[in-house]
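Shared chain: chain A. Partners: chain B in the first complex, chain C in the second.
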Partner chain A sequence: MILHTLNRSPTESRVYRQALAAMGPDDRLLLIEDGVQGALPSLVRHFGELEGRLFALREDLEARGLAGRCAAEVLVVDADGFVALTEEADKTVSWF
Partner chain B sequence: MRYALLVQGGPYSHQAAHSALRFAEAAIARGHHLETVFFYHDGVYNAARLAAPPQDEPHLVDGFRSLHEAHGTQLKVCIAAGLRRGLLDEREAARHGKQGHSLEAPFELTGLGQLIDAGLSHDRLITFSP
Partner chain C sequence: MQHDSVETAGELLIILRHAPHGSSWLREGLDAALVAAAFGRQVTLLFCGEGVTALVAEQTAGPLGQKGTQPTLEMLAMYDIDTLLVDQQALDERGLTAADLLLPVRPLAPPQLAAALAAHPLVLNF
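This part shows the complex of A and B:
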């Protein structure tokens, strides 16, 4: 299983499409930095089929005033959880 | 686990360096060994010896330096990216006929091969880009 990180909002960059195309069926996606915008209910549809495998970084949500505004299917993790995700994944791929 | 971080974003222009430092502290807090941080592209500016940000802002250069002091993390700067951007240690400054130097220990100028080596020899390599 590979952990993918994405630091761009779907409103700002189409790199999320490359990330999704590269993901295997068990891979996970963690939204960080400006990428956390993608966790909003109005944008989460871009990540369609990732239920249970879509994460967003709590500190970056809070820094943007978006804590508590995520779509229900997004799993929110903090920095400790980010590290845990990298432990569980064989490798981490960063999309930017 | 043995961790390495790759930082490719410059300080105070993108979040990459902040994200990397936050991850570093979290990884260490979970008992991992953060053995290497490699600075590449504009990330080399995180090694600028003369960085003097306002006192009420995070000092990113000191943040990385303290990783070395507290945990022995090696701080490796791509020499090709550094020289292009004016990041020279005393030896390179002398070699290129420059007065003064802009990079000092614990940051060290190394080749890109060290990044490849970090990818092979560490359990995890995490990239933070602009």
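This part shows the complex of A and C:
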């Protein structure tokens, strides 16, 4: 399993499509930095088929006032959760 | 040596996602590939998205004489970097075919992209 991180919003950059295209069926996606905007209910559809494998970083959500505004299907993790996800993955690939 | 499947490919996969000239990302990625190869790593390159334009034949230096990346691509064989994977969809989107490219490549259909990432223990994204 690969942990993919994405730090760009789907409204601002199409890189999320490259990330999705490169993801295997068990891979996970963690939204960080500006990427957490993709966790908003109106934008989460861009990550359609990732149910249970889509994460967003709490610290970056909080910094942007978005912590309470995430779509229900997004799994919110803090920095320790990020570490745990990294440990569980074979490797990490960043998309930026 | 051309590998038959992405599963038998090298240890390090370098993904190149940026076009030549517009930024230094492509050059940085190629530099990383050459350095890794010089240290004996088996390197695979994957040209993705806008990165496929790096392979278009007949590129030149920039209008102000800025160095292009074509000379570096032509050196890859000397470093035994000969597995060049290309995102077929990105070629299609740009109306490019293998005949437009300066080096022989292996086009990958969308499902094979994930397999390529999974098959390499190390992945660097540029």
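Just so we're on the same page, the second predicted complex is superposed on the first by the 96 of 96 C-alpha atoms of A that agree within 3 Å, B and C clash if a C-alpha of one lies under 4 Å from a C-alpha of the other, contacts with A are read in each partner's own complex, and residues count from 1 in each chain.
Going forward, a residue touches a chain if its C-beta (ideal position, glycine included) is under 8 Å from a C-beta of that chain, and two chains touch if they have at least 3 such contacts.
Bear in mind that the values here come from a model prediction, so they are computed numbers and not experimental data.
After superposition on chain A, the partners chain B and chain C are accommodated together without colliding. In the superposed model, A:E49 makes contact with neither chain B nor chain C.
Contacts of A:Q18 after superposition on the shared chain: chain C is touched, whereas chain B is not. With both structures placed on the common chain, the touch criterion links A:F96 to chain B and to chain C.
When both complexes are overlaid on chain A, the residue A:D27 reaches chain C alone and has no touch with chain B. Superposed on chain A, the gap between chain B and chain C at their nearest CA atoms measures out to 6 angstrom in whole units.
Comparing which residues of chain A touch chain B with which touch chain C, the overlap comprises 91, 94, 96. Within the complex formed with chain A, the residues of chain B that make contact are 1, 3, 15, 19, 22-23, 25-27, 29-30, 32, 124-130.
Those residues of chain A whose C-beta lies close enough to touch chain B in the complex are 7, 32-34, 59-60, 78-80, 82-84, 86-87, 91-92, 94, 96. Within the complex formed with chain A, the chain C residues making contact are 15, 17, 48-49, 87, 89, 110, 113-115, 117-118, 121-123, 125. Residues 2, 14-15, 18, 21-25, 27, 90-91, 93-96 of chain A are the ones touching chain C in the complex.
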